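Here it is, the structure in full.
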Amino acid sequence: MVQFLAQTFVNGINVGALYGLAAVGLSLIFGVMRILNVAHGEFLMVGGYIGFWLFKLYGVDPFVGLPLVGIFLFLIGIVFYKVVFSRVAKFHEEVKLKNSLLIAFGLYLIFPQIAMVLWTADERAISPAYSGQAFDLLGVRFGYVPLAGVCIAIIVILAMYLFLTKTYFGKSLRGTAESWKAAKLSGIHIEWTFMITFGLGISLAGIAGVLIALTQELTPFMGMPWTLKALIVVVLAGMGSIVGAFVAGLILGIVEAVSAIFMGPYTIAIGLLIFLIILVLRPQGLFGRA
Amino acid sequence: MMLEMDSLSKSFGGLMAINHLDLDVYKGEILGFIGPNGSGKTTLFNLISGLLKPDSGKIKLNGIDITPLSSHKICQMGIARTFQLTKPFAQMTSLENVMVGKAFGCTPTWSMREAKEEAEKILRFIGLGEKSMWRASALGVVDRKKLETARALATKPKLLLLDEMMAGLTPTEVEEAMVLVKKIRDSGITLIVVEHVMEAILGISDRVVAINAGEKIAEGAPQDVVRERKVIEAYLGEEA
Amino acid sequence: MPKNWKSFFIFGGIIALLAMLPLFTNRSDVLTWSCLTLQYILLSQSWNIIGGYAGQVNLGHAAFFGLGALTTRYLWLAGLPFPASLLSGAFIATVFALLIGIPAFRLRGIYFVIGTLVLAEILKVVIDTRFPVASVLPVETLLTYSLLPRYYLSLMGAVLSVIAVYFISRSRLGLGMMAIREDEDAARTSGVNILQNKLIAFAISTFLAGLAGGIFAFYMVAIQPGYVFSPIWTFDSVVIVFVGGIGTLIGPIIGSVFFVLLKQWLSLHLPGGLHLAVFGVLFILVVLYMPDGFIEAIRRYGKMVTLGRKPMVQGG
Amino acid sequence: MLEVNHIDTYYGELKALWDVSLTLDKGEIVALIGANGSGKSTLLEAIAGLLPPTTGEILFEGVRLDKEPSHRIVEFGVCLVPEDRGIFPGMNVSENLELGAFSKRGRKEKEETLHVVYGLFPILKNRRNQLTRTLSGGEQQMLAIGKGLLSRPKLLMLDEPSLGLAPLVTKNIFEAICQINQTGVSILLVEQNVHIALRVAKRAYIIENGRIVQHEQAKNLLRDRRVIQAYLGTHYA
C-alpha cells in the first residue's frame, strides 16, 4: 500500500513537473506584458513536433535536441511578437487583454490545422532506445526519461529564477512587470524587454513540449488542453510567480495522480473543479498576495 | 441631522486613512470639506457611498444605519456622489449616462421614456443639453464633470457628495459652478463638497470641516476654519 | 418616428425574404449555409448579450450551448415532443447558469475569463467520459429528415435573438448592463444592482445559447456529445461578435454571414482543415487593423462625424 | 538648458496642453504651479517622453527630445520622478535603486551615486533589503528620488514630492532636494504646497487649463495678490 502510494506520488511529480514547466512560460509572459496567450499550448505542440522531427529525420537525441528546440522556439516567439503581439502590447490594459485573447484564438485556429498538414493527425511520440527503462528504489519504479524530465524542468526553472533575481536584465523584466511606466522612466527599453520576454516564454513552452513528447503522445490538438493546464497552474500559483508556478504544477500533478485512483476517468474534471473552488475562494492564487 | 458618522476608521495596510472620525451633516446645508491631497477626503466619500467598508464605526442616514448596505442600496436611499477622476460610461451617450441615474436611483423607473425626459431636463439644467447625443468619451474635462454631476442628480438624492468638481476650471467656470451648487442646494438637496479651490469653498459653504491624515482638525464657519493655525499648516504648507 | 419605421420595414422585409427563400431555391447547399448562418446569429447574439452589452467576457459559453444541445437531443429521442425538449434544454442551460453565476461573478477580469473557460472544460470532460458514443438519429427519423423545418426553426431562433437584443438594448436592463460594462463603481453608486443585473443578463444569454444548442441538436444527424461542449463554440461566437462589432445589434448578424460564407468558400477551395487556418489569419488581421469590428469600420469610413463623436482634429 | 517651445499635447481626443513654452537654466530650480488637472503633470510627462507633444519642440542642451522614446531621454540626463513615485513595489530597496541605474549613463557611476544617495537618505541603506511596498510614504518618496538620482540626471523633474506626507517629512524631503540642487542638478518641480515650492524655487510658472498664464520670479509671486488668492486662500491677503 505504501509502495503503491509512493509510486502514485512519483508518477504525479513526473507529470506535475511538466505542468509547471508549461505554466512558467505563460506566467512570465502574462506577468511582464499582461498578455494572456491562450495559444501557449500551440507553441508547446510545435516544440514537441520539432523535437520529434529532429529525432526522426536527423536522429538527434531528444535531450541534445532540447536546447536546439529552445533556441528555435525563442526565435519563433520573437517573430510572433514582432508580427502580431507587439501591436497589441501598446494598448491599455483592458483592450490589451481582450485583443491578446482574440489573437490567441486566431492562432488556435491556425496551428492545429498546419500541424495536421505537416505531421498528420496520428499520435506521435519521441521514443529513443532508452525510453521505458527504469530502476527500482524501495519498490518504487523510477523511469529514466521521466526522471530526466523532472530534473530538466527543475534546472530550467531554477535558471529562470536566478536570471530574474540575479541578473540586471532579469531585474529589468521584473521591474517592467511591476510597472511599465516606472520601467520606462528608469531608462528600460520596454519594447525590447517585451520581445525577449515573449521569446523566453515561448522557448519554455517548446522545451516543455519536447519533454511531453518523450513521455506522452503528440497530436495536433494537444494545444488547448495544455493551455488549460498551464492556465490552471498559473492561477493557482498567482499570476506572475515563477517558482510558485512550478510548485503549483507539482501539486496539480500529484492531486491528479492520487484522485485517478478513486475517480478513474473523471480525474481531470476533479482537478478542474478543485481549481475552480480555489479560484472563487482565493482569486489571488495559493501563493499570490491579495 | 441628516448624516452621522460615528468614530469611523479605515486603514490601508497599516496606514490610517480615516482615524476615528466623527462628523455630522445637517439637512439643507452645504458642508465644505477640505484637507491636503492624501488626507482621506476621497476615502471618506468611498466609505459613505459604500464602495469601501469601514474597519470600525457607523454611518447613519436619517437615523438608519447604512454602514452594512451595498452601494446601490445606499444610492437608492438617497446618497449620490461624483468622482474626482470622472467615471463616465464612456461608450454611452450623455443622455444614456444620465438615464442610468434616473432609472436605477432613488426614484427608479422602468419607463425609458420617463427616464429620458428626466435626463434631458437635468442635462439642460446642468448645461449639457446640446451634447446629449454625444458619446461621453468625446466630452472634455469640464463637460465630464458636469455629466458626472448630472448623473448623480438624476438619482434624485437627498444628499449629494461632490468630489473636486471645480478642479481645473477657469475662474469664470468656477463661478458658474458655484451658482450651480447653490441652485442644487436650493432645490432641497444637502451637499458635501470637497474642493481645492479655496475661493469656492469659502463662497458656497455654510460650514467647513478640515481634515488631515484622516483626523478632523477643525470645524466651523468657513472664515474661522481657514484662519486656524492647524489648518493653515496642514493645508497650505507650514510657514517654516 | 420615421427612422424607426424604416428599420422595422427593412427588418420585416428581410425576414419575409428569408421565409420565402425555400420557395426560390431547393439547393440543399444554400439552405444548409443559411441554416448555419441563422444558428450562428442566434449563438453569437446570445454571447453578445453577456459579453457585448454586460461586458463579461464569458469563455464558457460552449457549456450552455452543449447543455441545451444534449438535453434537447436526449429528451427528444426519448419521445418528448420536440418543442418541449427544446425549451427544457434552454431551461436547463439557464438553471445551470444561475447556479454557477453567483460564484463566477465574484471573479473579476482575467480570473472570470479563465474561470469560465475551465468551467466549460469540466463539463466537456465529464460528458466525454459519461457519453462516449455518438448520438445518431433513429432510422425512422432519418427517413423523414428534411432540411425545411430545421431551416424555419433556425430562422425563428435568429429572429428571436435579434428581437431580444433589440429590446434589451432599449430597456432599463440594457441600460444597467452597459453601465456595468463601462464602469462598475460608477454604476453601483448610481443605484445599479451589479450582481442582479449580471445574473439576469447571464440568464437571458444562456437561455438563448441553450436554444441554439437545441436547434443544432435537431439539425444534426449524428452528434458526438463531447463535441457540443468544445471550446470552439465559444470561440466562434466571440470571433463573430468581435469581427462584426461587439455590443451592437447588427454586428453579430454581419459577423455570422461573413463567418459562415467565408468559411464555406474557403473550405471549397482549400484542402483539409486549411480553411480554418486561413480563417484564423484573416481573423487576426481584423483584430489588428479593425479593432472595433466591421460596424465601427464602416461607420468611420462612411462619415467622420457620427453620433457623439467630434470630428477628428488630428489624423490619428 | 531645457527649452520647451509651443507644445500641444493630447490625451486621446482631449487637448491637455495648449501652446506651452518654458525654459530652465543650468542649476536652477523652477516650480510649476497650478490647480489639479491643470496640466502640470502632463507637461512633465511630455518632457519625459511618456506623452509626446503633437506640435512644438522640446530641446535639452540643444538636442531635440520630443521625437525620442522615454528610455533614450533618460540617457540624455533627464529624469522624471512621477506623482505615483515610479518605484517597483514588489522589489526591495536595493533592487529599485539598481534599476534606477539601468541606463548606460547611470550604470557607469552606479557605485559612487549609490554612495551619495545613501548619504542623502541614510534610512534607505538600513532598509535596503526591505520590500518597497512595506516602506512608509516618506521613505518611498526618498527611494523614488534616490532611484531617480541613480540615472545621473542633469535635470530632475519631481511631480508632487510632498504628496500625502506629514509636514516634517515634507521638510526633510525638500532639504534633500535643495542639497541635490547644490550638487549641480537642475530641478523642475511640480508641487501643491505652494509655500514650500515658491521658497525653494528661483522662478515659477503658473499653469491653468493647460496654458501657461504667468511666469515670474518666485519671490515676487509670493507677494502677488492674485496668486495668493487663487492658491493660498483669500484670508492670506
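So that you can tell them apart, the chains are marked A, B, C and D in the order they are listed, and the count of residues begins at 1 in each.
Here, a contact is a pair of C-beta atoms (placed from the backbone, for glycine too) under 8 Å apart; a residue touches a chain by one contact, two chains touch by 3 or more.
On a predicted model such as this, the values are computed, not experimentally measured, just so you know.
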Required steps from chain A to chain B (each step between touching chains, minimum): 2
Far-end chain from chain C, centres as C-alpha averages: D
Distance between chain centroids, defined by C-alpha means - chain C, chain D (Å): 52
Whole-Å separation of chain centres (CA-atom averages), chain A against chain C: 32
Interchain centroid distance [CA atoms averaged], chain B/chain C, Å: 41
Computed distance of Cα centres, chain D from chain A, in Å: 42
Sites on chain B at which at least two other chains make contact: 138
Residue numbers of chain D (touch at least two other chains): 13
Multi-chain contact sites of chain C, meaning residues that touch two or more partners: 310
Chain D partner contacts - residues on chain A that touch it in the complex: 168, 171-172, 174-175, 178-179, 181-190
Residues of chain D that touch chain B when the two form their complex: 12-14, 35-38, 133, 137, 160, 163-167, 170-171, 192-196, 208-209, 229-236
Chain C-touching residues of chain B, taken from the complex the two chains share: 49-51, 70-72, 74-76, 80-81, 83, 87-94, 96, 99-101, 103-106, 108-110, 112, 115, 133-136, 138, 151-152, 154-155
Chain C residues within the chain B interface of the complex: 170-172, 175-176, 178-179, 181-183, 185-194, 247, 307-310
Residue ranges of chain B in contact with chain D within the complex: 13, 15, 36-39, 84, 137-138, 140-141, 164, 167-171, 196-199, 202, 213, 223, 226-227, 233-234, 236-240
